Amino acid sequence: MSLRPLGDKVVIKVKAEEVTTLGGIVLPGSAQEKPQQGKVIAVGTGEIIDGKKVPLDVKVDDEVIYAKYSGSEVKIGEEEYLIIRQADILAIVE
Amino acid sequence: MSLRPLGDKVVIKVKAEEVTTLGGIVLPGSAQEKPQQGKVIAVGTGEIIDGKKVPLDVKVDDEVIYAKYSGSEVKIGEEEYLIIRQADILAIVE
Amino acid sequence: MSLRPLGDKVVIKVKAEEVTTLGGIVLPGSAQEKPQQGKVIAVGTGEIIDGKKVPLDVKVDDEVIYAKYSGSEVKIGEEEYLIIRQADILAIVE
Amino acid sequence: MSLRPLGDKVVIKVKAEEVTTLGGIVLPGSAQEKPQQGKVIAVGTGEIIDGKKVPLDVKVDDEVIYAKYSGSEVKIGEEEYLIIRQADILAIVE
Amino acid sequence: MSLRPLGDKVVIKVKAEEVTTLGGIVLPGSAQEKPQQGKVIAVGTGEIIDGKKVPLDVKVDDEVIYAKYSGSEVKIGEEEYLIIRQADILAIVE
Amino acid sequence: MSLRPLGDKVVIKVKAEEVTTLGGIVLPGSAQEKPQQGKVIAVGTGEIIDGKKVPLDVKVDDEVIYAKYSGSEVKIGEEEYLIIRQADILAIVE
Amino acid sequence: MSLRPLGDKVVIKVKAEEVTTLGGIVLPGSAQEKPQQGKVIAVGTGEIIDGKKVPLDVKVDDEVIYAKYSGSEVKIGEEEYLIIRQADILAIVE
């Protein structure tokens, strides 16, 4: 099962890395601050700008930083994704 | 009796699947979190973009994910539907 | 006396049907949930889209579903109507 | 002294009719619900739509229904008027 | 010292007339309800509409009615003025 | 060190004049009401209107009146400035 | 690892300079008021204005002043950055 986002929307798999504290305790992702980084899983067909469809700037597999609290969290099967408008993506990490 | 949505609106039959808990109890759809998935039942004639009518991207029978709390719930006879603007549909599930 | 709505506005006679409860009691319309269905009584001359007047999609006598809490309720003589912008009409019931 | 409204504005003399209750008591206009009906006294020179000035749809002496709580109440000498944008006028009563 | 308003702005000298009450007491302007009438002192060079500069509809010396609570009050020397966008002027009193 | 404002932004040195009260006491600027007047120190390259860059209407050294609470106060070295969009400038004092 | 901002976005390294108080105590940046100045680290490909992509006005290494509370703070490795829309940059310090 896969997701095909519409228009200017982008599907992101949020990065939830383990963190080792100074005392050596491993914290799972959920014990940390809300993440703002993830990997692009699928992109929409483009954004309508002044009546023309312009392809999106991000591509599948890009690591991206996005604005806090943006997008919609959805759960498909056991996996959680974030579906976000490209305008809420701030930068690509290279 | 059927519904013919106007413009950029889409009629969705919300998916309310039974869930079997770990203990084996079957929960009906209403005991769960608000769903965000459904099947497209009817689509409007298109969205006006810069003065031109552009056909919608979703089609009848598409399984779609939509943004939480979007659209209007309506009851026609015994059936409940969600009527939603296409812009609130996030992705098609394939 | 009749109403001639302006521009993209539509006059609707709200449907308030009697309901027979399981115990056989007939509830008048006002004892139920706020209705969202009605019949089109009059339509405006059209909507201005990018400088051109486009005729409305709904016609007199259409049965329509509209978004909750939209429009203005007005009383003309003994009759109550809802005057609503076409954009708040969700679908035509056929 | 008269009022010449600007652009898409319309001057309305609000209708405040007496009402005879079932018991025969005559209520003056102020004891009733806020009215939504009035007569057009003067109209502006037109609305700018996409850079062109389009004459208004309402004319002097039209009886109109307007949206509740719209417009500005002004008092000129002893008379009270409502100055309203044409977009807040819902329909003409004929 | 004089004021040259920018763009679609208009400088108004607010009218604060004395009022003689029924009992013969003269109330200065400040004891009354917030006024909505004044005289145009200076007008801006025009409003930009769809990329073209259109001269304003009001002229110096016009008596105008404006929307309550609109504009900015400024004090130049001993004089108080209201600087307001033309869109907040409702009508010219003739 | 100098400031080069972007686009439609304008740098203003706020006027904080001494005031002599009726009793002869000199009040420094900070004991008074928030000022709304200042001198233009630098102007941006212009405002984008319908896709074309239009030079600003205010020039360096203009004395201007601006809307209360508009703009951003910034401190560069020992000096305090207000950076404001030209649209928040109401008038030029001549 | 580097950041490539999208569209009209700009990556800024916020300036957090030490301050020596009158008594000679050195305050680190975090004990002061929220800064509004920083250095441009990376710029997006441009802003879409009326359908055309216009390159940004700021360049890498520019010292800029930005509006308080604008942008999104992000942490990449040990470094903290601010990602901001160019429209929230007020001026370049020269």
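Per-chain numbering from 1; labels A, B, C, D, E, F and G assigned in written order.
Definition applied: a contact is a pair of C-beta atoms (placed from the backbone, for glycine too) under 8 Å apart; a residue touches a chain by one contact, two chains touch by 3 or more.
Molecules present, by chain and UniProt name: A, B, C, D, E, F, G = Co-chaperonin GroES.
These figures come from a predicted structure and were not determined experimentally.
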Checklist entry - Where the centres are mean C-alpha positions, what is the separation of chain D (Co-chaperonin GroES) from chain E (Co-chaperonin GroES), in Å? => result 23
Checklist entry - If you average the CA atoms of chain B (Co-chaperonin GroES) and of chain G (Co-chaperonin GroES), how far apart do the two points sit, in angstrom? => result 42
Item to check | Approximate Å spacing (C-alpha centroids) for the pair chain D (Co-chaperonin GroES), chain G (Co-chaperonin GroES) | outcome: 52
Item to check | Residues of chain A (Co-chaperonin GroES) whose C-beta touches two or more other chains | outcome: 50-51
Next on the checklist: How are the chains arranged in terms of who touches whom: line, ring, star, complete or other?
Outcome noted: ring
Item to check | Order in which chains appear around the ring, chain F (Co-chaperonin GroES) first, chain G (Co-chaperonin GroES) after it | outcome: F, G, A, B, C, D, E
Item to check | Contact footprint of chain F (Co-chaperonin GroES) on chain G (Co-chaperonin GroES) as seen in their complex | outcome: 36, 49-52, 57-58, 65, 67-68, 86-87, 89-94
Checklist outcome for this item: Contacts from chain G (Co-chaperonin GroES) onto chain A (Co-chaperonin GroES) in the complex sit at residues 1-7, 9, 11, 42, 45, 48, 50-51, 72, 74, 76, 83
